[in-house]
Amino acid sequence: MQIFWQSVGFGFVTASVLAISAVGLSLQFGITNYINFAYGDFMALGAFFTYVLNSEVFHLNIWIALVVGSLAMGVFAVLINHVIFSPFARRFKKTFYVLIVTFGLSLILLNLEYSIWGADVRFFQMPLAKVMHIGPLLLTRYQLIVMAIAVALMLGVHAMLKTTRLGKSMRAMADNTTLAMTSGIDTRAITTITWFLSGTLAGVSGTVLGITEGNLTPASGELFLFVIFAAVIVGGVGSIYGAMAGALLIGLATEISAAFINPAYKLDTAFVILICTLLLRPSGLFARPGKA
Amino acid sequence: MSGIWYYIFTLVFFLFDYFILAMGLNIQYGETGILNFAYIGFVAIGAYVTGAFSLPNSVGTGQQYILGLSLPFPLGLILGGLAACLFAVIVALISLRRLRTDYLAMVLISLSLVLYDVCNNYVPLFNGADGLYNVPEPFAGVLHLTTNSFIPFFAGVTGAIAVVMWLVMGRVTRSPLGRTLRAIRDDDVVAAALGKDVFRNQLKSMLIGSFYAGIGGGLIMEFSGSFNPTAWLPGETFVVFAVIIVGGVGNNIGMLMGSLVVETLLVHLPAFLPDIPGHPGLIEYFDAVIIGVLLMVMLWFRPQGIVPERLRRAATFGVRDDLGAEANLPPDELSALAPSPVVQPGTLQARSATNE
Amino acid sequence: MSELPLLGPLGVLESSAALRCEAITKAFQGVHAVNGAAFEVPEGQITALIGPNGAGKTTVVNILSGSMTCDAGREFIGSTEVTNWPSHKIARLGLMRTFQLSRELGGLTVLENLLVAPAHQAGDSLFNVLFRPGRVRREERDNVERALHTLDTYGLYPLRDSRASDLSGGQKKLLEISRAVMASPRILLLDEPMAGVNPALIDRIGNHIRDLRASGVTVLMIEHNLNVVEKICDHVIVLAEGRTLATGRLSELRQNTEVVKAYLGEVIDASTSR
């Protein structure tokens, strides 16, 4: 039973990281209607931005570095969209091209990170964390902070989508870009803002992934991307709330299975859930009509 | 034989091997429009199964693997190709019918990672992270080949296999089946409305492409005698995509050009460069970046590739082509065929409705 | 065509219907695009499907051809129920369709666009391609000859080797129809075959459609231009708000106040003022 509760605790932590990243990916997918296969490398790059601020040059406090590094990643994502993705998406009607471009960018970013930081495992500079008991759960202070960040960001995204003009425009655009454009929404501005949000969330999730895993390599984002895909597909592609629910489900399932089966097959648990979803409910648990 | 020839024939081998791999991905992506981001997984299955069939029983080899039947040369290779086909059927049944292009790509890339994970972690299957090694060199015993003479010999064998596979692929892509696949690529709704079973045809394309992937992978195994998980990280799929996009999607000769430029010149030639002191792997990293950039530049400036897809003209069908219809269509009629600016009522509304 | 069988009050037609649907409904995100549409398309005639914007005409064609599934209702081709069959199976029963916005197979030549269409090609089987090349070649030669003649009929012969994506709008309309004809259809659904084309071409397409009827093809066409409907269509189905409002001959429908109120008046005004 001890092991079970421990794995539930880890499950919530993984779910928190997943939720942040999955929402970041889904927001952008909803607006641009193509998957960003470089998202995992966005995460790793954001984490390295934080790492540079935290460990290499400024020796900033990890949480301050997290904020600054993630915002920098948001700006970087906007630049990438402006220079690469958006020209390709505008020029080629078929999504093939832009998908291959995101796939190619993932290769470029990964290898740039390798050439700058090497393949060695890196660590954030942060003091040892105290372990705390929360009911039956046993968690470090950092893990609790990560969960708090996730909850805060999810509530923030929810509030933004439901109450602000920006959020309403984003939802309108995700439903029907042409219609949104004709009803006077500045779709290019919305796209830019969405890339900024998506990049920032990638940065945050990449960094908290590094914090919870205790280390950081250029490839860590790429491996995690697959788990994000599982969460997003299980939740229903394009649905923000589906992404959140999928993250919770996949996070708990992978960690509990890791405790009871074998940690080496964490990924495969996520994949089995993914396959079952595809077989039973191909559009996902919380599918949005017209997107599948 | 001197070292330089060893290198050159290794390059020749990879030129032909990636020609085969590129043809396989091309029929899936270039002809049918299936974005198979798991392609390298099919290559790996071909390699492992070929190796496991060719190796002797695992007892006493210091490795753990299934099968171990010591099958002679072409048998293991062909079974490797068929194993990749079997895997394609499973993948297609789960995902192909249900998903649009980009979800399919997501599922496939995930699948290639999981396959990687299983092969890497589950040692009894294909010896885990160490991979298979000491796979017997085909014909080496019969022809008394040394390690040095084996390399040019097997590069030649691979070349011969590649030519045969190129002829077969040419027959497929020029056939009505190839045309149906291209119709599905261009617009699957139209193809279905014309009575084509889209799923069945996509499945055929997956099977053909996977067979090529399996053979290409099996040849790598036979050539180098070893194969382990570092050889097929998901990024490797991208190299094959780069080959076909640089060479010219939809053109089989383009695949050979792409293989020459990307695989031979960019991937394997720099691998022979000495490491920069103090920066292990830097050349490799830069190499990958260059391939990525090259692909984007090609997509932007020459999306049709070095050797573009050829149009199939009427004259090539070998039929009487002298209907003299020019007389049937006077010049003013031709201009009458141009679209008129008149917008009929309902067109705009229906356009947004059909944009779903 | 003057002995055209007329619809009784129950909408039951005495002669055989090539295509029939009952109470078709389809909703998009809770909004009903089609709401109980029911009608019969008489064999060997040209039937027009008309109705105001948003009446659900294109959705009906999408459902009848299998490009879309319906939420409720039934569809019959002859006496075979084909409700929610996938479109390739419906196509194999001889029902072909064209699209409102032309959907040419852009990467193929005009000739190849037609060659895709014939049903049951031996060359679609991998086994035949690899092991019976002679049979595939013979069949291909026949198909090419027929395709070239079809292109000749539709005036596209000089463009046979052009990439289909390079054609003009009017040429693409002709390509759509000739491609469907190449499949030797029994029933042809045309979604606004004359939308966006100039008057000279409208007459030409009209003649092609009449020739098709003469060769025994049943045609259902969405059409806005009532002059065209008057000229070539035997029978009219009026759709409004996803329901069948009325069916009959155009001259009778002009007397139907409900129809005029819902649709005809507005269009007649629009077409005379243009």
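Quick notes on this one:
All chains are identified by letter, namely A, B and C, in their written order; residue positions are counted from 1 within each chain.
Just so we're on the same page, contacts are C-beta pairs under 8 Å (C-beta built on N, C-alpha and C of every residue); 3 or more make two chains touch, one makes a residue touch a chain.
Only a predicted model underlies this, so the values are computations on that prediction, with no experimental measurement involved.
For the pairs A-B and B-C, the larger set of C-beta contacts lies at B-C. Summarising the inter-chain layout, the chain whose CA centre lies farthest from the centre of chain B is C. A comparison of C-alpha centroids places B closest to the centre of the full protein. Per-chain Cα centroids separate chain A from chain C by 47 Å. With centres defined as mean CA coordinates, chain B is found 30 Å away from chain A.
For the pair chain B and chain C, the distance between mean C-alpha positions equals 39 Å. Counting only residues that touch two or more partner chains, chain A has 290.
Touching of two or more other chains is recorded for residues 356 of chain B. Each of the following residues of chain C touches two or more other chains: 28.
Against chain B, in their complex, chain A makes its touches with residues 34-35, 37, 84, 87-88, 91-92, 95-97, 99-101, 103-108, 110-112, 114-115, 118-119, 176, 178-179, 222-223, 226, 229-230, 232-233, 237, 264-265, 267-268, 271, 274-275, 278-279, 282, 290, 292. The touching residues of chain B, counted against chain C in their complex, run 168, 171-172, 175-177, 179-180, 182-183, 185-187, 189-198, 201, 204, 208, 250, 309, 311-314, 317-321, 323, 325-326, 328-329, 333-334, 336-340, 342-347, 349-351, 353-354, 356. Interface residues of chain C, counted against chain B in their complex, comprise 28, 33, 52-54, 57-59, 65-67, 86-88, 91-92, 96-97, 99-101, 103, 105-109, 111-112, 115-117, 119, 121-126, 129-130, 133, 136, 139-141, 144-145, 148-149, 151-152, 155, 157-158, 160-161, 163, 168-171, 174, 179, 183, 192, 194-201, 224-225, 267, 270. The residues of chain B lying in touch with chain A in their complex are 29, 33, 35, 37, 94-95, 98-103, 105-107, 109-111, 113-114, 117-118, 121, 234-235, 238, 241-242, 245, 279, 281-282, 284-286, 288-289, 291-293, 295-296, 299-300, 303, 352, 355-356.
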